[in-house]
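Take a look at the following structure, please.
Per-chain numbering from 1; labels A, B, C and D assigned in written order.
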Amino acid sequence: MVREDINREMEETQCPCHKTRERSAEEYTRLIHRLNRIEGQVRGIRGMVEKNAYCTDILVQVAAVNAALKAFNRELLEQHIKICVKRDMLAGKDEAIDELLSALQKLMK
Amino acid sequence: MVREDINREMEETQCPCHKTRERSAEEYTRLIHRLNRIEGQVRGIRGMVEKNAYCTDILVQVAAVNAALKAFNRELLEQHIKICVKRDMLAGKDEAIDELLSALQKLMK
Amino acid sequence: MVREDINREMEETQCPCHKTRERSAEEYTRLIHRLNRIEGQVRGIRGMVEKNAYCTDILVQVAAVNAALKAFNRELLEQHIKICVKRDMLAGKDEAIDELLSALQKLMK
Amino acid sequence: MVREDINREMEETQCPCHKTRERSAEEYTRLIHRLNRIEGQVRGIRGMVEKNAYCTDILVQVAAVNAALKAFNRELLEQHIKICVKRDMLAGKDEAIDELLSALQKLMK
């Protein structure tokens, strides 16, 4: 399914109050690329378990996935603050701050 | 490819010094099940990016993947200490401790 | 030394370009109260080491200090975003965003 | 109060079932030294708040305390596994493993 189809489908099925954000082609590509790599890493760990890999070798790979997820977060967070939070603050919508703080709290647990 | 084939292939291609660990059917199933779910969660996050989901909604899902990886770690670590570290210590192989500490250090970063 | 003296001393010794932030009496009191408790917890851990406390009992107390530091961070971060980042964004000073992202990156390591 | 007095007091006031661990002079000194530095760092953060330091400058110092606590944990954990867990495993006391796992779980939250 191409991206346009997915977007059209979303518009049809999603409730109108649901928040979305259009991303630049560059940001979109970087995020998708990171997620593809993370998915590949998780599949690699499953392959290790299937081949009876040694426990600490697996744990080291899990630590690598943690690091990759943090890099994805940083990327998303940076654009979110630079674009969404800024736009909402300039428009006087301070609920963007509470949303951000609530997401940060979950990430810093 | 069934599990036996994968194991046979591993025996053929892996260097003989490489450490492995046979896991009980129960442990194996639980670990694979957790990894399948984590892979599904990562694919779900990619779907959210493809549908222009809002940043903080995505960040909350990343926090859920973090939690699922921690649960996988705990499961693997528990069996590793109860089985591998214990067996090595009883056999006087203290290098198991350094291996464990090095893995823990990477996980606690 | 009372707070006024400390502030005066700071004005004298600090370079004029150094950034500061006046906090409300309520925020100031809450932050100082949290730090006093954390200092007491660290002293308590030293007391445990001095009394030969068992390792895992000490580790559990360290986890409690981690949690207390996270709560302090959250409090500081919330006011920082609500007051400083907002004010700077409204004034068009976007460097506040990079400063925030750089601090978050250090905290989420 | 010197260390001997503290130990004597502990023997008198603690219930006899309470677990303790004698540490080598080197380990003891290293742990106490780390805790003194951490206490000093926390006091330094309080000093920053008292002098109206800027939020992100404070957050960076909190990240430094996090790192120092992790180094303390690593040191304690290493000796705990090398000495206590090993001794208990060789003596057939497997409850040491559950104790360790429970402490690790709190630290990896």
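Simple rule for what comes next: a contact is a pair of C-beta atoms (placed from the backbone, for glycine too) under 8 Å apart; a residue touches a chain by one contact, two chains touch by 3 or more.
Quick caveat, the model's predicted, so the values are computed rather than measured.
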Following contacts chain by chain, what is the lowest number of steps it takes to reach chain C starting at chain B?
2
Which chain maximises the distance between its CA centroid and that of chain A?
D
What whole-Å value do you get for the distance between chain A and chain B if each is reduced to the mean of its CA atoms?
21
Chain A and chain C have mean C-alpha positions lying a whole-number Å distance apart equal to 28
Inter-chain centre distance, chain A versus chain D - centres from mean C-alpha coordinates, in Å
35
In chain D, what residues contact two or more other chains?
73, 77, 100, 107, 109
Please categorise the chain-chain contact pattern as a line, ring, star, complete graph or other.
ring
Contact footprint of chain D on chain C as seen in their complex:
3, 6-7, 10, 18-23, 28, 31-32, 35-36, 38-39, 42-43, 45-47, 49-60, 62-63, 65-67, 69, 72-73, 76-77, 79-80, 84, 99-100, 102-103, 106-107, 109
Residues of chain C touching chain A in the complex:
70, 73-74, 77-78, 81-82, 85-86, 89-90, 94, 97, 100-101, 104-105, 107-109
